[in-house]
Amino acid sequence: MKASIVGASGYAGEELIRLLHRHPNVEIAHLTSERHTGETLSALYPHLMNIYDNELESMEDVRRIAAGSDVLFIALPHGHAMKIAKSVSDLPLRIIDLGADYRFADTSVYEAWYHVEHIDAGADRAYGLAELYREQVRRARIIGNAGCYTTASILALAPLVKALLVKSDSILVDAVSGVSGAGRAPKESTHYPEFYDSFTAYGAVSHRHTPEIEQALADAGGAAVTINFTPHLAPISRGILATCYATLREGVTPEQVDEAFGAMYADEFFIRLRGRGAYPATKYVRGTNYCDLAWHIDPRTRRVIVFSAIDNLVKGAAGQAVQNMNIAFGLDERAGLDLVPMYP
Amino acid sequence: MKASIVGASGYAGEELIRLLHRHPNVEIAHLTSERHTGETLSALYPHLMNIYDNELESMEDVRRIAAGSDVLFIALPHGHAMKIAKSVSDLPLRIIDLGADYRFADTSVYEAWYHVEHIDAGADRAYGLAELYREQVRRARIIGNAGCYTTASILALAPLVKALLVKSDSILVDAVSGVSGAGRAPKESTHYPEFYDSFTAYGAVSHRHTPEIEQALADAGGAAVTINFTPHLAPISRGILATCYATLREGVTPEQVDEAFGAMYADEFFIRLRGRGAYPATKYVRGTNYCDLAWHIDPRTRRVIVFSAIDNLVKGAAGQAVQNMNIAFGLDERAGLDLVPMYP
Amino acid sequence: MKASIVGASGYAGEELIRLLHRHPNVEIAHLTSERHTGETLSALYPHLMNIYDNELESMEDVRRIAAGSDVLFIALPHGHAMKIAKSVSDLPLRIIDLGADYRFADTSVYEAWYHVEHIDAGADRAYGLAELYREQVRRARIIGNAGCYTTASILALAPLVKALLVKSDSILVDAVSGVSGAGRAPKESTHYPEFYDSFTAYGAVSHRHTPEIEQALADAGGAAVTINFTPHLAPISRGILATCYATLREGVTPEQVDEAFGAMYADEFFIRLRGRGAYPATKYVRGTNYCDLAWHIDPRTRRVIVFSAIDNLVKGAAGQAVQNMNIAFGLDERAGLDLVPMYP
Amino acid sequence: MKASIVGASGYAGEELIRLLHRHPNVEIAHLTSERHTGETLSALYPHLMNIYDNELESMEDVRRIAAGSDVLFIALPHGHAMKIAKSVSDLPLRIIDLGADYRFADTSVYEAWYHVEHIDAGADRAYGLAELYREQVRRARIIGNAGCYTTASILALAPLVKALLVKSDSILVDAVSGVSGAGRAPKESTHYPEFYDSFTAYGAVSHRHTPEIEQALADAGGAAVTINFTPHLAPISRGILATCYATLREGVTPEQVDEAFGAMYADEFFIRLRGRGAYPATKYVRGTNYCDLAWHIDPRTRRVIVFSAIDNLVKGAAGQAVQNMNIAFGLDERAGLDLVPMYP
């Protein structure tokens, strides 16, 4: 199977290479970067010396690249993927977009939050969060890979919403990400001395992952949901911890909460249920496609608190993309993803 | 003025020394440590070489120490301060306890959360959060210095609760602390390689700062409040960021929220109002007694989100203690606390 | 092939599990820990949940464990391995000791630096640094896996010493290690708040890796060498950077230096020659068995400076052990070690 | 006394403000920044809110600024200070340049290493390292404040060189700096995710602090010295640890080494002699003007190893500048510099 990555020079692209490199069924065909066309990948990422010294190509002739690929991963800022996908819509390949273009069933939501006109609203697509949309992922031509915060948040809340255990207007997500989520371009706010020994929030009430979480929870629960989502940045490289709050409906017992998680995830390889009263840590999932979940119930306020930990670049981006590819191509869903966290 | 510190070898005690060292009105009389009696402080803390090479004493003869002090700071785990304070109740000095023993007006709350019998319920005491209890602090013999998370949380929420702008059952606090808050005793969970590049939560639904926040918000709003408080640990040394959520009552406008903060804090030296839409960072207050506040309002959910940043060892412990001492002794409240954050 | 690990609960043991888990030819038979006998590995290392939930055994009956193993890895403090190896000396298996017991050809050197009597001086053993002692590793019953600092230092200096390019009394190594090298037991010096934002040295003129480096350089150059070795601790989790200095003999040219590295390492998979003028970084080798080398020549002082970067837990411990095992058992030397660094 | 800072928006300028803010004899008159003219300092550095909200001026009319100042600190890249100083050479003020322009007695050395023509070779200037050049600093119009690495290195080696205890061709310095030394401008190499959990070297055999160290050691020992200097970057914010090596001359005893340090520094407030066998840490001096020194002697190689720790932004830049100012103006040398390290 031949895979190509459009936008290989960012962190998500580079992580895809790490994962595809050891995938038993995949050969990397093309890697593109407009800013670094003609350079080798290992010049940009010296850790890849002797591993990937391949040259980066331009995506100018993306039809040629697509024609030589069974699957095309697109790891570019929103707005680009829909142009690329449209331009190769006649070619027989699957497309997995790590950006936001194909995440929304209702493209008007996309347009409202991303301030861009959607030009491919009719595309055959699925929301790429396998645990909840596996069948759609299997069949769709284009997979809109779920976002990082959204993956952690949705996986935490979907069992509760689906089992109708929580009040739909009570949901909020307070989440923390490692700095790799901000991308590779240097900025003052992520300059080492500036961010070192600091902790702060950003994007309150306005972060674009909000409607994506709402869409999936509405799907799960069968009714619209409006939530708060507040992201923070911690001085770590990788990892997301989402702390999710909701108020239990009258009469719901702790055991029902436990059962809801078991019912949805008992057979899911990439979900590790740490159970009621436990505390996931980002380090326990670092470098892997796991999502670790634990929950607590407060009898005083009747709130349930779910902690959800993922690696933002794996289950939150490249790993999820590989998982989606595996499903789409009928491979073992775990192929290339049987990773052991690097510790400590 | 002579100040002594009982329990000087922990981080709060050591930070008190840093602050008292440059206080224009204070001379340090005695420093105690049971574990390190007879050692010099700079043997324990090599950074204090040539600054504080004084010997640590035992607190066995605490009456002698108290007799030679105008103010006694107690920086010990809960349960000790009430014994000490009681044993010197006849001596003319002020006591500032950095632990929990004297924080609660209703000692049954203390007993329920700390699982210890309170032996000094009738003590003449005040809750040591100056911005809200300044007059009480001025007069009380014993000051129960407010906790770290609680200081950040109460200062963030009190204006909203006092002005009756939020629904009292809608409040929750999601907070993050630097690791110095866990004290100086080495543990596996705070062993460098273990916690490096990690982020996790702890103490959900059970942290003892919960009732302390509830007490102060009840005082501010005139009615009982039940909240959720969820602490997290970030791989930084110092700092707390509290992200506080509450739902606005019907009809409350953003301007009313702005006014509530201005009304309460416009003249407070240690509160820096960064305003609506801003983002405090722990690094902006590092090493100082400031509490930085900013807030956001979500028109979709009608929630207000307040961010509150302090240095857990200063405004959350030693700085607040000095501020309380200044008030108690009629000094300039800022004496010894005109600190500039160390940056970067 | 069945492999067992005696002392599986430390960082080196745990890293061995990570590597053996994906080794195509190995099955883990037994894991021992005296302190945690009966506990599951994932209780100690929550990141291994669902990956290794196996129970830890006692090594009390080590003959039974050895009898059921083709290779026994020993990851214990020095002094234990020689007892274990001796007790199973009649059983047909290979032993790879990650400690110091079998590193020295002359056991009196071991005794002088480790202050322990050597009880197995006649054992059939090899020094486990494959790039320099591959044939010995292939044949020996016991392999004394090279130390972490020593691996980085020897690989950096051996080409220069072997080609007789440097003055033998001019060599010194200034090295920096991540904190995982200090082990998993919590100590005040490696307590998170203590070591955060700090940098310091330790073990000057006395570190036990000194004679190990001297032994290998003497082997390479055919004459005794006395060096200085100065270790430092940086606030990172993994990685060693050794900065090695030596003075060039009269008339030696930069090209001769380049050639010496090429001659020794051109065909070595795990050595990445970054060349003259480059700068390896610990992050470029993180999680892998690579040793990255680069060198600089100062025409003013005629010193050559070699930078050598490894991951202390992989090429400096567990990875090297697996490489040695592969050689000893006639497997592909890279089996289980085709790792891509996790970045960023 | 009125002080102005030309180039106030970098880390050194900002640190000067922190120190001058609490200096009992100084009032800040002007702060300049060309890139941020018209902005407030606290807009650039939010931690300074309510402390320094002053507006930044342009240095275009530097004569007006100089005319209103008793002392002018220049914190700009090399090449600018000599132009500024020359343009105000008729005005009665003292100039303290934190850059390299006035550090060299022999400006041809400056020109060779900095590749810039020196236009003010005849200026009345002193090398601003007070412990060694106090009298010159007292008298000179212009003070070329010593560099960061150089301060740590020279203070470590000068006693040995002055007392003729070491061989002059045996000296080398292996040093590590925190990332703040690289300045505030964001770069990929100091982008948080890139440098996190990494350690690397740079500037081998070519760093411009080399000739500065050589100049001071030549002054101290009365004979030219050629050294190696190798800088490294550690993932910490502040601090330099210099590990300095030299070979003892025949017959020199450890006690003579001890005496050399005592003889030079016993009365120096900012030098803390930790003694033979100790280990300074950057954290012990963080935020202060201290230089902590300790030394080790290897009887096997007859090398002496000196460890020297400073805060690169204080004793390595702004603190040293204030110390020089205090001397130049006849103030208490410690004024404004009686700082306690922030710990942990």
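Here are a few things to note about the model shown:
The chains carry the letters A, B, C and D, assigned in the order they are written, with residues numbered from 1 in each.
The criterion applied here is as follows: a residue touches a chain if its C-beta (ideal position, glycine included) is under 8 Å from a C-beta of that chain, and two chains touch if they have at least 3 such contacts.
Being a predicted model, the structure only gives us computed values, none of them experimental.
The greater number of contacting C-beta pairs, out of the two interfaces B-C and C-D, is seen for C-D. At the interface between chain A and chain D, two copies of one sequence, more than half of the residue numbers in use are shared by both copies.
With chains reduced to the mean position of their C-alpha atoms, the one farthest from chain B is C. The distance from the centre of chain C to the centre of chain D, with each centre set as the mean of the Cα atoms, comes to 38 Å. Chain B and chain C have centres, each the mean of its CA atoms, that are 47 Å apart. Multi-chain contact residues of chain A (touching two or more other chains): 11, 178, 180, 184, 193-197, 235-238, 281, 283, 286, 344.
Remark: chain B residues 169, 172, 174, 176, 178, 193-194, 196-202, 204-205, 226-228, 230, 232, 234-239, 241, 243, 245, 279-283, 286, 296-298, 300-301, 303, 305, 307, 309, 344 touch chain A in the complex. Contacts from chain C toward chain B in the complex involve residues 11, 178-180, 182, 184-188, 190-197, 235-237. For chain C in complex with chain A, the residues that touch the partner chain are 11, 14, 17-18, 21-22, 45-51, 180, 184, 196-197, 237-238, 272, 274, 281, 283-287, 292, 338, 340-344.
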